[in-house]
Amino acid sequence: MIVVLKPGLTVDEVRKVVDRVEGLGLKAHISVGKERTIIGAIGDERLLADQTLESFPGVEKVVPILKPYKLVSRDFQRENTIIRVAGHEIGGKRIHVMAGPCSVESYEQVLAAAVPVKEAGATFMRGGAFKPRTSPYTFQGLGEEGLEVLARAREATHLPIITEVLDPRDLDLVYRYTDILQIGARNMQNFKLLTEVGRLKKPVLLKRGLSATIQEFLLSAEYIAAEGNRQIILCERGIRTYETETRNTLDLSAVPVLKQLSHLPVFVDPSHGTGRWDLVTPMALAGIAAGADGLLIEVHPRPERALSDGPQSLKPEKFAGLMKDLKKVAEAVGREL
Amino acid sequence: MIVVLKPGLTVDEVRKVVDRVEGLGLKAHISVGKERTIIGAIGDERLLADQTLESFPGVEKVVPILKPYKLVSRDFQRENTIIRVAGHEIGGKRIHVMAGPCSVESYEQVLAAAVPVKEAGATFMRGGAFKPRTSPYTFQGLGEEGLEVLARAREATHLPIITEVLDPRDLDLVYRYTDILQIGARNMQNFKLLTEVGRLKKPVLLKRGLSATIQEFLLSAEYIAAEGNRQIILCERGIRTYETETRNTLDLSAVPVLKQLSHLPVFVDPSHGTGRWDLVTPMALAGIAAGADGLLIEVHPRPERALSDGPQSLKPEKFAGLMKDLKKVAEAVGREL
Amino acid sequence: MIVVLKPGLTVDEVRKVVDRVEGLGLKAHISVGKERTIIGAIGDERLLADQTLESFPGVEKVVPILKPYKLVSRDFQRENTIIRVAGHEIGGKRIHVMAGPCSVESYEQVLAAAVPVKEAGATFMRGGAFKPRTSPYTFQGLGEEGLEVLARAREATHLPIITEVLDPRDLDLVYRYTDILQIGARNMQNFKLLTEVGRLKKPVLLKRGLSATIQEFLLSAEYIAAEGNRQIILCERGIRTYETETRNTLDLSAVPVLKQLSHLPVFVDPSHGTGRWDLVTPMALAGIAAGADGLLIEVHPRPERALSDGPQSLKPEKFAGLMKDLKKVAEAVGREL
Amino acid sequence: MIVVLKPGLTVDEVRKVVDRVEGLGLKAHISVGKERTIIGAIGDERLLADQTLESFPGVEKVVPILKPYKLVSRDFQRENTIIRVAGHEIGGKRIHVMAGPCSVESYEQVLAAAVPVKEAGATFMRGGAFKPRTSPYTFQGLGEEGLEVLARAREATHLPIITEVLDPRDLDLVYRYTDILQIGARNMQNFKLLTEVGRLKKPVLLKRGLSATIQEFLLSAEYIAAEGNRQIILCERGIRTYETETRNTLDLSAVPVLKQLSHLPVFVDPSHGTGRWDLVTPMALAGIAAGADGLLIEVHPRPERALSDGPQSLKPEKFAGLMKDLKKVAEAVGREL
């Protein structure tokens, strides 16, 4: 890291900063400029609380040089991580689409979504049994009953399941039912939950928080990886901006940035990313064109009756159209569906 | 709520929307304009998933009229909530300042902060035993040992404690030690945790999420209130914006807005709100001038050695200066310290 | 518009609001609910200052129903606007790519960019003679000399020109040289400049402001259209968010939203939108997949020597690669290049 | 500045970067770390396009060390700038309040605001003759007629004038009438206009742009100062965030940050900063508590009839109440009114 000193320090004061830098196990390199003196602090700065030097007397600011994450970084592993689950490879040439309703409402509803999405080419079925809802007065999910519905639908369709876990106390339960664990945007910095799923042996799809920087997102993935679980899928799902035409602003530039900084597969969720079903298809195509490895898409047999997220859910027939368009775009960028 | 219809609908299509509105238990009122027809849907819209009508065929958009929260709103309770805890009244004429280190590091450290902050006029002692940290490689808190340190410091100083709980599994433990439970910004939408503290009989200080709207903030408070616990303190602690001179942007206009919309006490945390100790005093004064009922301030005996948040921690002597200035500003706005 | 009244008004007070609504030339429709009374105000609300009723006694809030823009809206004109300029059609099936250096530095530099971009399939040449620069100490553009360089390069390559105008006093000059006038992001709300270009008979490419909502963007286009010039290209170029990995956040969902709300052609500028040359290709492909009608791309023969925006400029050979990939994606979404 | 090199460069490649750094007139200092090599580039980096090195082969990133502005910085001038205008001193111990209507509508209207605000203690009268309006269909200001109204009101009340200039072509005209020139938020990066007012001999109040960083704000002030005019007042007026309860988010932490980085006086505009008259008083008090040197406040004799910004305008009697409260807060922080 670079330590920029305040102007006008005495040699003694500079010495004290140098001593502190070296006391932290780093090597100090001084450059004296006309307006500012800087100290290059060489060593593994990741192990320091990044702010520890910033409040030292005489220090104006501290500029980190190394990325604070390691295991999930491209510097640490050059080749792409491929996740093998339920007979599929995620992160390879093939694009994967995970589709289904926002909330599990009934077996009939899940099946009415799952059968046609499979037919259209989806390889995983999504559906929420535990729902994080902004208002306490809205539908909170069916809980374990919802997980059972998903399991029955898997039996019927042979589509593996991805479903969200909210609470560390539900982890065993959800683990028993699902193929991929989902950590939602609101839990991206629920570090206890991250640590727990890091100890499991199932793939985790981690959604970017509503206002998470890409660095924070990768640090959250690092929490999982640091516990041993390296089967992590990163999912961009829209960030919060001032724009109100869309529910969130889908940050597609995060896709190539994440692919550059990390070896992990990157997905896009255009349903939550826009909040509007009529924007799902263009943004799904754009996500794949930007280099994503897969998509998470909400499909509901009757969006106008959905207990959550109706406005952003596609009807099965719209979804089938999307998949046809997607196939062409995937091939145009050298992928397959 | 107001349902705006798409242009060019047939009478029959309008009829179907009206039927749907009435099927949801609301009364429909139609106004036909030249460019758009609108339906006023009268009744308790809070009980509906707010989006349920938005995906109905023929509907262009839905505009809610009522606030989605109820128990925490000024409409529901006109007079201010006063919270009585450890012999103090929070939300009344007197301003309360809760001060202490970000993390509990040792008994000596806590005492070296607690003794002088009490002397300077602080009425509660803050300190974190469980720390949510962005990086897995930084200090995560002392856990139960930290809680014991706080308890011993309370015995020594008679300052009641406020400390954060992160995980529903730690709730019993933290409950036994603390006087006020803190829910941090990253857990503002950890709805399971909100529900659990809603069942307890201790005051809760709820911090606004990094990118939470005021409406979402109040809905999170509503989660707690809906379970029975009405002793809630709202705390503005900075929101995420594009500005990089400060760690967050302290949104002081949230103070009068919250006081208007809700009957709950409102605090300000200028330490996290700015991330810089040199901005804590002006922003603390400004927070009280804006109408806040109290402050949460980080004080550390040796900020340059702090295991977390050193750059935003005041030394005890600076804190004493702040309290002197604060007294004058509090009196200028008709409060006391 | 909908006027929501405060609770507890007397009939007389409601009457006064109704009179005010009708005094503004609107028809009032009253719906009395249990918690709130609302007035539907029917008529052309666009002609009102949108806030005029909001400060009327007894009014809680005012919700507009109609979009505040008209001429540029899809409601006003169903079919897409096609702009014919220099033998090209913008807004039709064919994608147009406008490429060249950020700043005009010399004839040699412009030519060294223009010749290869034309060869690769670009149909317009971009280059700035007047540069809006954040710092007064950096290169401000060659002014008229730059325009002459562009004109000579057009003669040599037969590529029509797009260049920015900053100051109403330069408008005649720029008009004489350019084929398309560009209004930059920083001038999106320079209403005097918008009014002036609205009186000209040349196409205008209008960039979205750094923090402009889509509604404000369309209102700025409306300023141009209201003066008579309907040849407007809208260009998304990144908005300001908290993310720092990219210079701006390219809001690609703005593309389908704009295509839906307006009949005007929509372009994307992935160079400014990301600020990094290594993200230009994926985001260019994504932009076209999202439905854009064209792209604005910075190309410089020697980015490391560029007087402005080097980090986001492609070398000509990279640009040629981009165009090959783009052709495939364009065809995949039913367009041609 | 610090130049961070990509990992794995050859000595020769490092040499080329060093040559480039020295070719730009800077001295290079190399520090070789285990994971990254960095070059300290010592000299006046302000004179470089800040990005020029970032696109050089082998360079990973460039971190500036010096602030890019100079004349307006506290480094350049330690003591506060005091602006003397119309018998007043701005930037000294005394707080100045500039009050009046958003738009000049008529002589009667201006006088009905100016007389009571003077009586209540305002020292300048504000009022817009040229109005930047988001929609082309709303009131655009009276132009020169409005300036004459202001001049007559100054004669009657002896309150000096502050009014906005939008277009460089109106500068001579506005200059003749006003005491202080205002550059609005939308023109903060209208560099041509900044350059022109930089050549004048009258004080300029520069508003922060809606999404301007503090650094960009100071660079815009530097544009004015670089032309010779050092009589600049900086004005915080709210930035754009995702929050919708307020029109903008008033960033009061900008006040102490600006006072620290710059020697210029800092004002706050709580009217635009919140967009709501009922928040003006608390935020005005908070602004002064945070260290501001003055306020800009909208006052209208009949806000419900205002042609612009009615919802954020105070009635004269409310303004008088604000001034009484303000006097106490000003004294509490060692200022006077």
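Every chain is named by a letter (A, B, C and D) in the order it is written, and numbering of its residues begins at 1.
Criterion: a contact is a pair of C-beta atoms (placed from the backbone, for glycine too) under 8 Å apart; a residue touches a chain by one contact, two chains touch by 3 or more.
These numbers come from a predicted model, not from an experiment.
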item: Required steps from subunit B to subunit D (each step between touching chains, minimum); value: 1
item: Farthest chain (mean CA position) relative to subunit B; value: C
item: Distance between chain centroids, defined by C-alpha means - subunit C, subunit D (Å); value: 26
item: Between subunit D and subunit A, distance of the C-alpha-averaged centres to the nearest whole Å; value: 38
item: Shared-contact residues (touching 2 or more other chains) in subunit B; value: 211, 240-242, 244
item: Touch-based graph of the chains, sorted into line, ring, star, complete or other; value: complete
item: Subunit D residues touching subunit C - in the complex, by the definition given at the top; value: 20, 46-47, 49-52, 54-57, 68-69, 132-140, 166-169, 186-187, 189-192, 195, 210-211, 216, 219, 222-223, 226, 240, 277, 303-311, 313
item: Subunit D partner contacts - residues on subunit B that touch it in the complex; value: 211, 213-215, 239, 241-246, 249-257, 260-261, 273-274, 278-279, 282-283, 285-291, 325, 328-329, 331-333
item: In the complex, subunit C residues that touch subunit B; value: 2, 4, 7, 29, 31-36, 38, 40, 42-44, 63, 65-66, 75, 240-242, 244
